[in-house]
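In structure tokens below, several structures.
In the two assemblies presented below, chain A is common to both, partnered first by chain B and then by chain C.
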Partner chain A sequence: MDISTSEETKLRGQLHKSFKAVKNCLSIWKEALAACRQPLDQVENLCEQHQCCSAANIEQSGIIKPFPDIRMRLLYKIDVELEEQLSRINVEMKKLENCCERIGKHCGYSMKSYHENSPYIPLDKVLEQTPTCPAISDMLEWLQQIERLVFQQYHCKKYFLEIFNPNNTEGTENLKDMWSSGDQELINTVEEYLSYTSFFLEEKIT
Partner chain B sequence: MDKDFLPVEIRCSPEKGKNMNLTGSPRKLKDTAADVFNTLHRWTDLNKDGRNAMNEIANIKLDIILSKEAASEETVSHSNSFPTSLEPLCQQLAEIYKKMEKCVNKLEGFAQIMENLHQLESYRNSKSEETLSPMFLTWHTAHFVEATQEVFKSYKKELSLKKMIIENVCHATDRNTMMFYIAAWIHQPYITDNATLLVESMLTETGHRGC
Partner chain C sequence: MAKAAISSRLEVIIQDDITGAQRSYLGPREITLLNLPLGSFICVVTPTTDYICSLWPSKERNDSIIYSRTVCRQKALDKNDSKYSLKPLHVSEGKCIHIEVICNLSDIARFRKYEKLNKKISRICSNCLYKMCVAENFVVDLSNCKLASLCGISKILIKRIPSGSSVKVDAEAFIVSSHTEIVVDNIQSKEKFNQVSKPARKLIGGLDELVQTLQDLIKLPFDHQEQFQQLGTSPPHGILLRGPPGCGKTTLVKDIANNCNAYLITVNGPEVIGPHPGESEDNLRRVFHQAIMAAEEGPCILFIDEVDVLCPKQGKSGGLEESRLTSQLLTLLDDLPADHRLIVIAATNRPSALHPSLRRPGRLDREIMINVPSMAQRREILYLHTQTLHLAEDVDLNCLAEITNGYVGADLAALCHEAGYLALGRFIVKQDETSERQIIHQDDFLTAFKNYRPSLQKGVEGIVDLKPVLWEQIGGLETVKQKIKQAVEWPLRHSEAFVRMGLPCPRGVLLYGPPGCSKTTLVRAAATACHATFLSLSGAQLYSPFVGDSEKMVSEVFQRARMAPPSIIFLDEIDSIVGKRSEGGHRGVQERVLSTLLNEMDGVGMKLDDKMDSQGSRRILEGSIQDAEHVSKVTTVRGSNLDILVVAATNRPELLDEALTRPGRLDRIIYVPPPDRQARFDILRLFTQKMPLESVDLNLLSSQTEFYTGADLENLCREAALNALTRDIKSTKVTYADFVKALYYNKASLTQEFVEKYSQYKSSTFDESSKNKERKVS
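For the complex of A and B:
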């Protein structure tokens, strides 16, 4: 066997593994996002309750005289419920983090494999594409784009959770929109790249 | 883990011995613990029913409040603040309140039963000059009295809050107050985590919950 062919096979094998991992991560990512929907609705609702309860001018009427500590108790209960919902979201965030790390690692492995084997693979082979198999250069570029998008999405979500404050009206009103902005773009992009590599992924690379 | 290597021996409630039928005070205490749990379960169901009625009231009232905010105060007459659709919902809440009151009365009765059992056991022990031993796992009868009293007090206070909410919810004039009443109904601020924990502990002690 020609050296360049075996090196190319190694690199293609790594890319094959990486795109398989991306495919697997995409389904986990989608499931995690779907699982976040309900707790996010709850968080939005609880924040609204929290803000209204903090702002309600109930002392004026005098009807709550027998319950002097009611506001404090109520806010405590709402906060406990909020914590519960946020911890449900954090469980899903852990899955997103795992996906992010896994894709990052695979992108790294593929780039490393490319750098190790590129001296032995002619440039025309790197750029060559067939109707069923994309070019190595394209696949590497897609992997990097996927890694960047996933990293960006995960860290945006993490940031929203870190700065989350139930008293911040602006932040909580748009929490769901801010949370899900960019999700569809990511899914569309990854699905597009996976469709380009679908025949390649069905190949057996030895 | 091998049982021999456990640092402490975890005993099961005596009730766990299936061949043994409880009689006397332990039987009564165990049944009362179950009754407390069932009563609280009933309360939770009633609270859910009340929550639905409260949500409907809130929808009606918020529509009025928002339209009032949009239009000038003069153009909306006072009678519009209390549409007839509120009446059946208020009646429903009043009925729920009555049922909740019954639950609290039952809890008071259970607390009294526990107190009587405690006095009986104390009397028996004073006769036999023995120290008071736990009735099941670790709790003495006094603990059961304290627990049921604590639960009863929590629910009694919560009931008085429910009464205040029912009396005032339809008179709320702004969104924040309306939301405050609804949140207070849903989250039940006077039913503490401690009360819930005490009921669970009581069930574990008496063998209703697995050890």
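For the complex of A and C:
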């Protein structure tokens, strides 16, 4: 790799850092999603129990006469359990948020670095690509794209949790599907970009 | 996908953005020319829309093409600049941005709940707009944004960015960051937004008064709800528009919706009907529900086109499905919310086929008739349609409006297009020779007029292709011509004069006289002169083997005539069509036809649904009994039977029923006598106009041809010419001898006794009428 100017080196160095951070974030992201899976199953199950419990016509059956407040107690128990599972999810959400912020920051740093150094780097250098190293312009574009996708995905999940209501059958029946929709696409896209930059990331930029 | 050259160097391809990113891809050379770093925001200006997007190098490294993927756009409404260009933007981080959220109609109720929690919705919008570059009056399309579609947000309109809300003073566009404060000013539905953002243009001509009335009906309840409550009255729920197809019912409603800024939901009757049981009702309920939701935002019009399909009269063939749908529609109309923001307008061209309960007060309580346009209306419609056309100076819209009797709005539009096509055809042919500007001349309109048949005349019995005859083409008969002009042409052409003088217009004219004396030709000339719709009924069309068919056809022809006034209904050989009522008990089909004819001409009244109450005519209280006298008292020019003239011709006047020839029906009885000497001379001159005559004295000839009819004279001239050719095929002259020979073989078809018979009839009818008068005086 022929690095002509120090400005370009600086910029490449920043991009290197940023993509490393993206790679790092991706693994955290994946782990967090995997960790969410179990509590989500639980939440789905508990919601079903909650709905059944609310809808059950128990007043007419004689069995529960000795326990007049059983519905309330059961619902309370389910609610407590739901709270617990949701708090577990929220812990993972915090990790996702951190990833989001970190990628955002790195994207910002890279763009800033490019804007600072762009007067000194000719355009053909910015567009230049080699078999091992993608063009700077492409990398900047990918970073922005990754930032955007991660931001959207995180806020979608957050929105799901905000509108979550155990009584809402429509929202809870396919909560898991809705929650994880788009996850795989995001991971595939980021992995694709990372694979383009894999040689670049292995390089040592001084 | 739009494609055009930018500054004659570049091409622009606007793609729908799949990723939701705001990007444009440009060749490296262009980027160097722009001298901007990558990722900078620029404005791509196209003739119709401006786009804000960031700058990136194109993957193809192609210099001449710019691929613009952007979600932030602004429709340029009043832009005369047809050039494409790129404009660098001064961008800064926005501090405070006022927006308007545009969401799906189904989500609007949910968003209204949020309105109290403005913070929540502004946070969602802030997330949707994150890192986007926006400017005032731009619309951000969020259809590809996952978060936005989850929340039901479709678009965000950047309403206002207060000055001083950025770090840089001269910033033109602003980037939304996590620190930007988003203020939601308003929430509206996508449907309403799309409708409002359409440019308003006058759509309909000639119905200004009606448009104003309808606008008041729609706007007043919305603007002055309190006054209505104070008064304790309730505004109309529904309006029924009726009129022949193509007269602008649908366009009228669209125009009103445009003017009132009302949200228009259109239901096409046939679209609602589904194949499964219950599906149609469900569709109908859904549409009404949608309308009620939309009405919460502002005035809303629910327009049901072809309502007769949804709500037909319960006849013998009405199935269960139909009656269910009818009852569903009636229930939905009854259940409409009382806050009067929703108005239902239904349109039909077959009001008589509607279920009567639909037309009771509380459902469709107002009925408005849109008639075939009058001349003034046609002129206005033509003016509207020709506004976009390049017209030559010789185009006379007044003349066009005059000749296009019976044309509805759609026909007039088609006429203008047809004229445009003709001009285009001529232009393409001439293109190589001259470079004159492509314009439409009057001749194009006239040619189009000749080729075009108005839609009301399609598929109707009785409409005939009228071969135009000018008065000058009929020789002699000056007095008769004058009488016919008085009886036929004047009431139709100068009906205002009749009104001014308090003269009742004649209802019918009977021409009688010996055969071959140009009765039919006279009527044709009259029809040509007054541009009236000309309907002709003959025995062959009328009589059918089915009972009631003939009467129905008479009725239909009269209805058609009323639709396109002024019109002439011509009954040739009326004695063979209706005849006289026999005194015996036998009632044949002729009698039934006669009674229908008498009823149509001067009955108690016509069916209210068939009545053509045109705009501008005096309103007659709907449902009031209309007797014949009342109709005759109406002093307006248009409307009812006044513009229909029945012209009958016969050579057996004595065979006609007395009821038909009494005043009020065929009240002008004109005798068309066999031509006198002067008339014969004129006729002969007319027929020999193109013949090379040699020493033929037409005066002498006319004195020799007493009792010859016009037809006989025509035959005589033809025979004479043939005689000349028989003599010598190379002959170039027709001589007197040829005429003499022809006279020998062609005898007069009339005789003294025959003519006297008519004279006797004439004197007897006049005697009778004079006797009647005397009786009255005494």
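Basically, the second predicted complex is superposed on the first by the 202 of 206 C-alpha atoms of A that agree within 3 Å, B and C clash if a C-alpha of one lies under 4 Å from a C-alpha of the other, contacts with A are read in each partner's own complex, and residues count from 1 in each chain.
We take it that contacts are C-beta pairs under 8 Å (C-beta built on N, C-alpha and C of every residue); 3 or more make two chains touch, one makes a residue touch a chain.
The structure displayed is predicted, hence computed values, not measured ones.
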| item | value |
| --- | --- |
| Superposition on chain A - do chain B and chain C clash or fit | fit |
| Touching partner for A:I63 - first (chain B), second (chain C), both, neither | first |
| First (chain B), second (chain C), both or neither touched by A:E170 | neither |
| Touched partner set for A:I78, first chain B, second chain C, both or neither | first |
| Which of chain B and chain C A:Y114 touches, first, second, both or neither | second |
| Touched partner set for A:L127, first chain B, second chain C, both or neither | second |
| First, second, both or neither for A:Q144, with chain B first and chain C second | second |
| Contacts of A:C53 with chain B and chain C, given as first, second, both or neither | first |
| Where chain B and chain C come nearest after superposition, their Cα distance in Å | 22 |
| Shared contact residues on chain A - chain B and chain C | none |
| Interface residues, chain B side, partner chain A - complex | 160-161, 164, 167-168, 174-180, 182-184, 187-190, 193 |
| Footprint of chain C on chain A - complex, ascending | 111, 114-115, 118, 123-124, 126-127, 137, 140-141, 144-145, 147-148, 151-153, 155-156, 159-160, 182 |
| Contact footprint of chain A on chain C as seen in their complex | 19-21, 23, 28, 31-32, 37-39, 56-57, 61, 124, 127, 130-131, 145-147, 150-151 |
| Sites on chain A touched by chain B in the complex | 48-49, 52-53, 55-58, 61, 63-64, 66-67, 70, 73-74, 76-78, 80-81 |
